[in-house]
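Here is the structure we will look at, set down as structure tokens.
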Amino acid sequence: MPSSRNSRIPVGILGATGAVGQRIVSLLADHPWFELIELAASSRSAGKPYGDAASWRLSSPLPEAIAKIVVRGLDSESGEFRSKILFSGLDADIAMEAEERLATAGHAVVSNAKSHRLDMDVPLVIPEVNHEHLALISVQRKRRGSNGFIVTNPNCSSTGLTMAFAPIEEAFGIESAVVATLQAVSGAGYPGLPSLDILDNAIPFIRGEEEKIEREPKKMLGRLASGGEAIDEADFSIAAMVHRVAVVDGHLVSVLVHTKQHATPDAIRRAILEWSRERALSSPTAPRDPLVYLEAPDRPQTRLDRDLGRGMTCSIGRLRTAPGGGIRFACLAHNTVRGAAGAAVLNAETLVEQGFLS
Amino acid sequence: MPSSRNSRIPVGILGATGAVGQRIVSLLADHPWFELIELAASSRSAGKPYGDAASWRLSSPLPEAIAKIVVRGLDSESGEFRSKILFSGLDADIAMEAEERLATAGHAVVSNAKSHRLDMDVPLVIPEVNHEHLALISVQRKRRGSNGFIVTNPNCSSTGLTMAFAPIEEAFGIESAVVATLQAVSGAGYPGLPSLDILDNAIPFIRGEEEKIEREPKKMLGRLASGGEAIDEADFSIAAMVHRVAVVDGHLVSVLVHTKQHATPDAIRRAILEWSRERALSSPTAPRDPLVYLEAPDRPQTRLDRDLGRGMTCSIGRLRTAPGGGIRFACLAHNTVRGAAGAAVLNAETLVEQGFLS
Amino acid sequence: MPSSRNSRIPVGILGATGAVGQRIVSLLADHPWFELIELAASSRSAGKPYGDAASWRLSSPLPEAIAKIVVRGLDSESGEFRSKILFSGLDADIAMEAEERLATAGHAVVSNAKSHRLDMDVPLVIPEVNHEHLALISVQRKRRGSNGFIVTNPNCSSTGLTMAFAPIEEAFGIESAVVATLQAVSGAGYPGLPSLDILDNAIPFIRGEEEKIEREPKKMLGRLASGGEAIDEADFSIAAMVHRVAVVDGHLVSVLVHTKQHATPDAIRRAILEWSRERALSSPTAPRDPLVYLEAPDRPQTRLDRDLGRGMTCSIGRLRTAPGGGIRFACLAHNTVRGAAGAAVLNAETLVEQGFLS
Amino acid sequence: MPSSRNSRIPVGILGATGAVGQRIVSLLADHPWFELIELAASSRSAGKPYGDAASWRLSSPLPEAIAKIVVRGLDSESGEFRSKILFSGLDADIAMEAEERLATAGHAVVSNAKSHRLDMDVPLVIPEVNHEHLALISVQRKRRGSNGFIVTNPNCSSTGLTMAFAPIEEAFGIESAVVATLQAVSGAGYPGLPSLDILDNAIPFIRGEEEKIEREPKKMLGRLASGGEAIDEADFSIAAMVHRVAVVDGHLVSVLVHTKQHATPDAIRRAILEWSRERALSSPTAPRDPLVYLEAPDRPQTRLDRDLGRGMTCSIGRLRTAPGGGIRFACLAHNTVRGAAGAAVLNAETLVEQGFLS
């Protein structure tokens, strides 16, 4: 990692004006390892100072130095990117081509988009869970004949869920899981969900979301196989029932899990705490505790607990048995921090620490 | 049923000033069969005109004639009740004794309180589902040596769930179910939940609620046994994960159900519609359709669908298979109408129709 | 007015798929005087059955017969309209030309759009307040050489305010007013305001709104002049401070008014009640009480009082003096009923009653 | 001020378990000048560790060291307080007697309660506005014959308003003001406002609030008179119209002000910025900018701007003229930080800096 502020790694953001892009900007504003030098967005924003192009929606103010950066376009006509790392908060339709092109051009593309998450040789990573999947990068490099690559983080709902699953899968093996989510409106981006759709309302549907939740955790909890060149997905089933609710940030997930080996709530609680101690990372964006267990009977709660560990800690509570077997619990993660922007920045930090950028 | 307004049955409300009591008042305001003559509440309210005693919270205005009724106390010192039917919106701690006492005194107590729901000889009834359980009334009458009795309606979350379960249990048999609820704040009464607890928040806990949801539907879907003197509860398991969300009225429930016989989403959809046609009742508060199926992929939604059938229709949607087996769907019921006040009034109408009040 | 259902007046809706259009559909669904036969919208919707073209957002279900009507385009290429009355829920940019064209073609255009509200010869009408302004129709007819005309209703915030002002202006004369609004998100249409903009938030700005509030009431409270061919606007000043808040429907307005003649809160209260009795209309959509005064110290409240008179009654409360002089009060009107769709339907009914359609 | 952590001043909190008490705890958790050693609450909490006694409602976690402090009672039977400064978040009815008693006993009572705000010799202080009013302390000391005293901060709505008024009063003189507030539910404490009262609702009433807003700013903007022994209140009138809205934190206030000398929006804007530069303090809780002016046409907004300056900066926007004369603007302050807990801590810091504690 960089030894001084002067040797910080130049980084850029693709889709910098969107909701995820703004969060990444705010996380990189004063980052000890990364220096934000490039902001790219659609042609509508290109050429404008970022402060004018972005309709800044965060309660933390936009740093003045960044407000002055002139936004560039995404395409090659706008010239080559000078950044080593390009964070991507692009929409899926644009991300598909642009990320591939920029990886081929030699950049480390650290993406929050869904487009390449399930590609065979693209790591889908939560560093505390499966940083060893980064080995797939060498497969990409071979395929493209370039030093560039794509690394992705999971969907905002898959994130907390996978972090909660990790210690259970490791200690007891997961047989199957039923998952109900209560998701924040910020997960739909901006402008995203109309206010008339969510005030005094709850919606039992988010397009494409259940499919992601049912697939992504299995890839992340899978094992490197074929000499490190592929992932064997975990073999349990996940049935998701998603809901949008009237909260700003924070995805709350209730889970009923059946384990392969017998597990008590208390044993799972201990596995969670031990896993959190062992897997905690030390890079700038990593929280001291990736997982915490909240003892109060009515926690985690979205507004009260989403900011734990500056939004990077996933909180778990209400571990209890279930009629018909299995163990129930609730878990919570900040969807735009741990589930999107913070996830990407932590992935980038892990890439630096593990030498993938040298 | 009464042949004219002059022969309407005199009825009263216990706990008339509370949230459920107010809803019952509004449903009885212009009822063709029932004449509201008595309003009882705690000693704090007794002696005041109802308009002063109740802090009226409904958007439909309080009828002036009812506003003038002087509230009486609950105890016998306040004199005997003159009503044939006493609706009870009492808190559980008070209901236990008061309802028993008033049934013994000869009244038909139609209660929304949980206190007697699981008593062996007390019918727990949704008329379209299990009005035949009213046969238990004769057991009560024998036990007390009085013509009075207690009939109860289920908890607000159990209601929609049981209505959705009924056609599935009947057609395919239920093996097990996992249930996640998103419940309105009105379910907690008034003042109930502090606003600081729910604005921009979701809470994965409601005291005592999961236990009710896991038990009550099994009693209602049970069969009359022992020559009509007891209920054999249905034998499937229900695992509930409850949540409070920021909606005023309406409990949305997502369900994963495993059936004994193979069932497709389409077969369940047909069973639901057929059941609804066959079981629909014709008394004043009964909706034309006890169940409706909404075809749109994102329905039912709490605010948009809770008022169907003036709050008495339960809506179902999103029937689909699940990874790992089973069928998923969402259902919605208005918690203070179909799940509380309307439930009680419909129970009373059914008692009249079936001759239990003559 | 029509003597039987068979002689109902054929009517159509321009902009039928939008938020206001949907409300008009629901108000006309079973109207005794009007028969809804035409639904027009943009070319994107034209040719589709209304049930498919409109994303129905109301909690009252869309009537099946109307769902089957095939939506037509707005332009003349889609053929001539057969409706005598055309309700317009069009966006302002489209309304300007389309409404003028259709009035010239002989239709009675009853519009909720702002485009022609301030035209010299276009009546801006709340029937209980200033139906005599309909005399301007003859000026329009002369100008166009056609029997058609445009009649408009005011902006949703101006509506309640003007109804509250009317008795005060009449009894005491208004010198000046300061007005603060708390407006519902439905006022911004659909999709309208992003949910991220309003959850846990309040916004002290709505584009163009203060200008409307500061002008429209003065036109409506003006007097017919020049032998009924023009309006002399009322001569007081209104200073508006608008806010968007997290409510679905209902615009709450707090007002400080200085009167020309001395007025006490109680005298104003009496003037309001007397005005309401005298001005109440009897057509189908008219409420029994155009204005009500709520005595409780904390009313009107948006959710509790917006539905009074099926959304057509404006409620007033908290009349009190102010330090520095003047009288303060709060008033509330349902913005999409009394402030938009219901306003248009009531205007049409008034046109029928006053013989402008024969 | 303390020269090292070892010489920190011992402080305690009265009413430590309430909403304001919790905020004070969180602000003192790591304070460089103050060491939190005593937590007092009602007899119901006394004897319990603070972590058990307080139902912690903040999203920042309760520090473990403080969670272990055993809560003491308020009365003298619980022994003498050892703290030099006692912060008071007491309810008004208890504060009246308790604060007087503890001031007489020699403590510096820094109170958020309303009880003594308008006492003739009690300073009501926002340090950037009127720290010179602290001279009244000597009058108190003389009266009580004790070194102790009471200093108060204003009501949460008066705070932002007074900060916005200060530069205007200083530069142009205020003639009169009309004020409309949109206030957060946290202003009502916990449990405070029932959720059923505020979801999808707005309420034009808060008991006692308008009176405070109409009086407190005038005391704070008054001048020391009678040789520093009394305050001559400012002589303008304030007419307040208050509203409760569905936001968690942050009071938004819209203002129409008439000035004695002619003022343009731009001149006021400059006066605000200059005042903010000149009056900014440097103690730990003081923000760099007491006031900021936001240029965007739709700011300040409650959720986006309440946390400026860690909740201690008051933001102003939308300066514009008004029909009928006067200048309009919107201002926003975090009600539980700048308007309550942070206000008290900043008052205490100012007392230290100005030598009132030596």
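For the reader, a short list of remarks on this structure follows.
Labels A, B, C and D are assigned to the chains in the order they are written; within every chain, residues are numbered from 1.
The criterion applied here is as follows: a residue touches a chain if its C-beta (ideal position, glycine included) is under 8 Å from a C-beta of that chain, and two chains touch if they have at least 3 such contacts.
In this text, all values refer to a predicted model and were calculated from it rather than measured experimentally.
Chains that touch both chain B and chain C: A, D.
For chain pairs B-D and C-D, the one joined by more C-beta pairs in contact is C-D.
When each chain is reduced to the average of its Cα atoms, B sits farthest from chain D. A separation of 40 Å divides the Cα centre of chain A from that of chain D. If each chain is reduced to the centroid of its CA atoms, chain B and chain D end up 48 Å from each other. Chain D has its Cα centroid 43 Å from the Cα centroid of chain C.
Along chain A, residues 57, 199-200, 246-248, 303-304 each make contact with two or more other chains. Residues 19, 57, 185-186, 188, 190-200, 246-248 of chain D are the ones touching chain B in the complex. Across the interface of their complex, chain C is touched by residues 57-61, 199-200, 248, 303-308 of chain B.
Within the complex formed with chain B, the residues of chain A that make contact are 176, 178, 180, 182, 199-205, 214, 237-239, 241, 243, 245-248, 250, 252, 254-256, 297-304, 317-318, 322-324, 326, 328, 330.
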